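What follows is a pair of complexes built around chain A, which joins chain B in one and chain C in the other.
Entry: the complex of A and B
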C-alpha cells in the first residue's frame, strides 16, 4: 500500500466515529457497572462502598437462584431443542425432499421478523380462555371448561415460555445450518448415494460432521442468547406469578429500576457478563479438545 | 440396492412433507388468527373465538390508533430504526476500511475490542447507561435512544464489514491513490460502491434488530411521545388489557411493516442471517 501524508489522519477519521460511540456506550458503562457493583444506593443516591456484599446477597437470594435456573432451562431448550430441530429442518430443505422448498423456508423463517413483545402478547392470547390452544384442548379433552393453568404452577410455569422460544428461534438455526449445508460439495453426497448410503446415513455421517464448526458456533450463540432473554419473558408474564418465570435480566431490572438499587443491579449485570464469557470460554476449550481428539 | 434406496427415500419424503407442513402451519396459524381477529369486536371474539369475522370492522384499528397513540409510536420507530441503521452501516464500513487497508499493527486490537462487544448485551449496561443519560440530559430524548441503537449494532456490523473489505483487492485502492485520491475520497467513491453486497446484509440485520428493539426505549424514555412500536404495544396492549379486539389490532400494526419488508426482501433477510452466522 502506498504511503501518503494524510494516511494516519484518515485512519482516525474513518475509525473514530465507530470506536467512540462503541467505547462510550458499551465499554465505558461496563467499567462503571463493575465499580457500581461494589456500592450501595439509597433514594437515588450513592451511600458508599460495601465491597463484595452485593455479590454475597445475590448468591444467597433464592429468587436469584430460581431466575438462574430458568435461564439454564432456556439454554437447554436452545441447545437441545432449537439446534437439533434447526438441523433437521435445514436438512429436509437442503436435500430437496419436498417441492417448494423456498416456500417452506420463507414461511418457517417468518417469526424472525416479529418483535418479541408481539410474539409474547400473541401467545398469551393463544393460551387465554378464548385462544386457539384452549379451544383445541377443549375439543381433544372433550372438557368445555378447560383452561390453561400451567402458568400458575411453580414447577411448570416456564413450559409455555420455553415452547414460544422454540417457536420463535428454531428457524434462525434452520437458516444458519441451511446456508452452511449449501457449501458442502455436492459430489460428496452423490458419491455416498451411489455407494448406497441412506438419507439418515448422509445426515449423520456426512452433513452433521461437516457442520461441526457451525453447530459449535450456534451453541455459543444459544448460550449468550439465553442469558439475555428479557423482552419475551417480560411481555409474556413479567416474571410472575410470584417469581415462577423470572429470569436473571428480570431480576436485574427489578432491583435496578423498581427498587432503584443501582449497585445491586450492577452486580447482577456483572454476573451475567462473567457467566456469558465463562461459559463461552469453557465451551471453546471443550470443543478444542474434541477437535484434537478427532483430527 | 437401488430399490431399497428409493423405498427409504419415499419414507423420508413423506416424513419431510408432514414435518414441514406441521411447522408451516404452527407458524402461520397464530399469525392468521391474529390478523382476522383484529377485524372482530370484543363480543364476537368472546362468543366465537375461532370464527372468521362476520362483519369485518376497522373500529379496533381506529381505537388502537387514537387511544394507544400508535401513530407517534410508528413515526418514532421509523426514526430510531432508520437513523440508527444508517449510521451503524456508515460507521462500520468506515471502520472496516480503516482496520483492513491501512496496515497498522494497532488494527487487530481495535478489531478485538469490537469482537468483545458481541458478548455484551443491552442488559449489562442498561443501569450505568441510564445513570449517564440522566446526568447528561439525554434521558427521554430521541438522540439518547439513537446513540445506543448505533452502538449495539456496531460489533456485528464491524465484523461483517471487516471480513468483506479485507477481500477487496489492494490494487483497486492503489490505483485510486496514484490518481491522487485521498483516503476519504477512496472510502466514499470506491469502498462504499464495491461493498454494496455486505452493506445490504448489514442493513437488513441492523434494521430488523433496531425495529424490534425493546429494552433501550423502555428504560431510556418515559413519555408516550418517545415510545417505539414494541414499547407502545406493550404499554397499551399488554397483559392487563382485556379488550382483545383492540389488542389484536395493535399487534397487527406492530407486525405488518416487518412482514411487508420480509415479503419484499426475504431473499436478502434469509441470506443475511445465513451469512451473519458464517462470519461469527
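Entry: the complex of A and C
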C-alpha cells in the first residue's frame, strides 16, 4: 500500500516539470486565445467583448474561405501525394529496384535538409519574370513577353506551391517509411517471393499493412503540418498575387500583426486548433477501424 | 534518507535559493543609470546600423556624441515587422523608451493615436521651423499635433527615363499620357520594355502610381473630402485613375509579369538597360548614385507621369514626410531628460545632422545651400525635383493600413482582368465607409 502511494508520488513528481511546461506553453496560450477570440481590439487596446462576431466575420469573409480551401488542397497533396509517393520511393530503394540506391536516397532526401525560405527563393528565382525558366521559355518561343501566367489565375495559382511542397516533403516520409521497411524480417519477403508473389503484391499485402502505424503517424504530421503551413508559402508568394495563394496562417498573421486585430487573429487561431484536433481525431478513428479489421 | 542527509539537502537548497536571489538582485541593479552625471536616454529605432543604407545615421550619432558628451544613449534597434510588434508590446505594457521611431502617417498610429507621444509644437520655435521645407510640418494628429520632425521627404512617385534609349529610338520624354501610349510599339519593336514597375509586394502600384494619378484627377481637395466621406472613392477621379492603370496593362506599357516582379527585379531591369522608364520612389536615386556607372547615371532623367486629359492637377508627384523620432510623453515630467531628447532631435534633423546625412545621399527636409557641397548629379536632380514639383497625397499614408489589405489585392486582380476598375472602387469604398478611422472619426 505504502509502496503504491510512493510510486504514485514519484510518478507525479517526475511528470510535474513536463506537465507544467505543457500547461504553460500549450494549454495556457490556447485558453487565452480562446478568450481573446471573443474580443475586439484597436490600436493594441481592448475595445470590448463582442461574443461570436469574430467567428461570424471570419466564416463570411471570402478571403478566409479561399485560404481554408488552399489549406485543404495542401492537406490533400500531403496525404494523397506525399505519403503514397514516399511509400513508393522507399519501396523502390528498399527492394533495390533501381541502381545507385545510395545516390537516389541522398538526392531524394536533399530538399528537406534545405530551409523552406531558401527553397522558396530558389523556386522564385526559377519562375520569376527574370528567372531561368522564363528566360528559357522566351528563347524557345521567341516571345519576349512570356511569363508564367499560372499565378494570375485564382483557380490555378496554388499549383506551383503544391508542387514545391510535394517536392520538398516527400523525402521526409520516404526516410520514415524506408527505416520502418528495413525492420520487416527479410525472411517474410523471401518466403513470399518463393510463393511467387509479385512486387506489387509484396508491397500491398506485406509492406503496407506492416507500415500501418507509421502511415497513421505520417498522416497526423501531414494534417497538422498542412493546417499550419506558413513559411514556404509566405516566402514564396506572401499569399499573393491578390490572395490567390493565401493560407489560414497568413490570413491570421495579417490580421493579428499587420492590422493589430488580436481578437480576430485569435479567433482564426482557435479555428485552426479545432480543425487540427478534429481531423486528427477523425484519422485516429479511421485507423482504429482499420486495426480492428486486420487484428 | 538519514537525518544528516536531509539536513545536507536542506542546506544545499537554501544556498541555491540565496544564490538565485542575489543574482537576480545583481541583474536588477545593473539596469540603473550610471552615476557618472550623464543623462541617459533609452531609444528604440527602426534602423539597422550595420546596413550601409544607415551610414549617414551612424555618422550623425557619432557627431552628436562628440558635441554632447553629457548625453548617453541606451540603444535598441529593430527593423520591419519585428520593430512594430515589439513596439506595440512596449506600448501595451507601458514600458516605452525615451526616444523612438515614429511615422507621420498611420504606420505607428498605435503609438501616436493613443497619446503616448509628446506633441513637439510647444518646443519648436519659428526660426527652427522656417529652416525646413514647409511640407515637413504637415499636421500629424487630428488637432494638428507634430510628433516627429521628418528628417527627409519620401517622394513616392518618380518616372525615371533612360534618355540614351530614348535618343536611340528618336523619342523624347512624353508630354502626355496619350504620347506615352503611342511610344509603346516603337519601344517594343526595338526590343525594350516600356515601363518597369515591380508590384509583387502589392503596394508599389498603389503608392508609386495610383496615388499620383488620383492626385492628378482629383487633387488634394477631392482626396480630403473622400477621406472624411464628403466624396466617395467610387467618384470619377478614383475610378478613372484605376482605369488608367488597367489601360496601361492592356496596352502593354508595363514589362511582362509586373505583379510577379519584386521592386529589386524591376529596378535591375531598368539598370540593365532593358526598359526605357522606371516608375519608382524618389529615394531610389541614392542607390543609383552608389551602384550605377557614371555614364548610366548621366543618362537618367527624373520626371513625373505625363499630362492626363481631364486632370485637375498637372505635373504633380506625391510625397509623405519620412519616419523620424518621437519623444515619450512622460519625459515632460523630467526636464533634464526632455531637454536632452529635444537637443538630440534638433541636432539630428537640424543643419548639423542634415549636412552629414546629405553627404550620405539623403535629401534632408532642413534647407541647405547645396552649392556648398560636391554632390552627385542625380542627388542634385532629386533635390531640385523635391523643391519644384507640387506634391499630392500618398493613399496608404492617409488611409488606414487595413484598408490597403482590401485595395492592393483588388488592384492586382484588376490588372489580371479579374475585376473591373469600378468594382475595385466599390469594394474599397464599402470598406472605408464601414471601417476607416478617417470616416469614423477615431
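Throughout what follows, the second predicted complex is superposed on the first by the 248 of 295 C-alpha atoms of A that agree within 3 Å, B and C clash if a C-alpha of one lies under 4 Å from a C-alpha of the other, contacts with A are read in each partner's own complex, and residues count from 1 in each chain.
Note that in this section contacts are C-beta pairs under 8 Å (C-beta built on N, C-alpha and C of every residue); 3 or more make two chains touch, one makes a residue touch a chain.
None of these values were measured; they are calculated from a predicted model.
Undergrad: Pick one for A:186: touches chain B only (first), chain C only (second), both, or neither.
TA: neither
Undergrad: Does chain B (first) or chain C (second) touch A:257, or do both, or does neither?
TA: both
Undergrad: With the two structures laid over each other on chain A, which partner does A:146 touch: chain B (first), chain C (second), both, or neither?
TA: Touch status of A:146: second partner only.
Undergrad: Between chain B and chain C, whom does A:154 touch in the aligned arrangement: first, second, both, or neither?
TA: So A:154 only meets chain C here.
Undergrad: Going by the contact rule set out at the top, does A:242 touch chain B (first), chain C (second), both, or neither?
TA: It touches chain C, and chain B stays clear.
Undergrad: In the overlay, answer first, second, both or neither for which of chain B and chain C A:130 touches.
TA: both
Undergrad: Would you sort A:11 into first (chain B), second (chain C), both or neither based on which partner it touches?
TA: So A:11 only meets chain B here.
Undergrad: In the superposed arrangement, what residues of chain A touch both chain B and chain C?
TA: Residues 128, 130, 238, 257, which sit in both footprints.
Undergrad: Any idea which chain C residues touch chain A in the complex?
TA: Listed in rising order, the residues of chain C that touch chain A are 81, 84-85, 88, 91-92, 109-110, 113-114, 188, 191, 200-202, 252, 255-257, 259-262, 265, 268-269, 401-402, 405, 409-410, 412-413, 416, 418, 442.
Undergrad: State the interface residues of chain A toward chain B in the complex, per the touch definition above.
TA: 1-2, 4, 6-7, 10-15, 17-19, 21-30, 32-33, 36, 88-89, 92-93, 97-98, 104-118, 121-126, 128, 130-132, 135, 167, 171-172, 175-176, 178-180, 193, 196, 198-199, 214, 217-218, 220-221, 224, 227-228, 230-231, 234-238, 249, 252-253, 256-257, 262, 265-266, 269-270, 272-273, 276-277, 280
Undergrad: Which stretch or stretches of chain B touch chain A in the complex?
TA: For this pair, the touching residues of chain B are 1, 4-5, 8-9, 12-13, 16-17, 19-20, 23-24, 26-31, 33-34, 45-46, 49-50, 87, 90-92, 94-95, 97-99, 101-104, 110, 113-114, 116-132, 147-148, 150-152, 154-155, 158, 170, 173-174, 177-178, 182-184, 187, 208, 211-212, 214-215, 219, 229-231, 233-234, 237-239, 244, 247-248, 251, 254-255, 258-259, 261-262, 266, 269-271, 273-275, 277-278, 280.
Undergrad: Give the list of chain A residues in touch with chain C in this complex.
TA: Against chain C, the touching part of chain A is residues 42-45, 127-130, 134, 144-148, 151-154, 238, 240-243, 254, 257-261.
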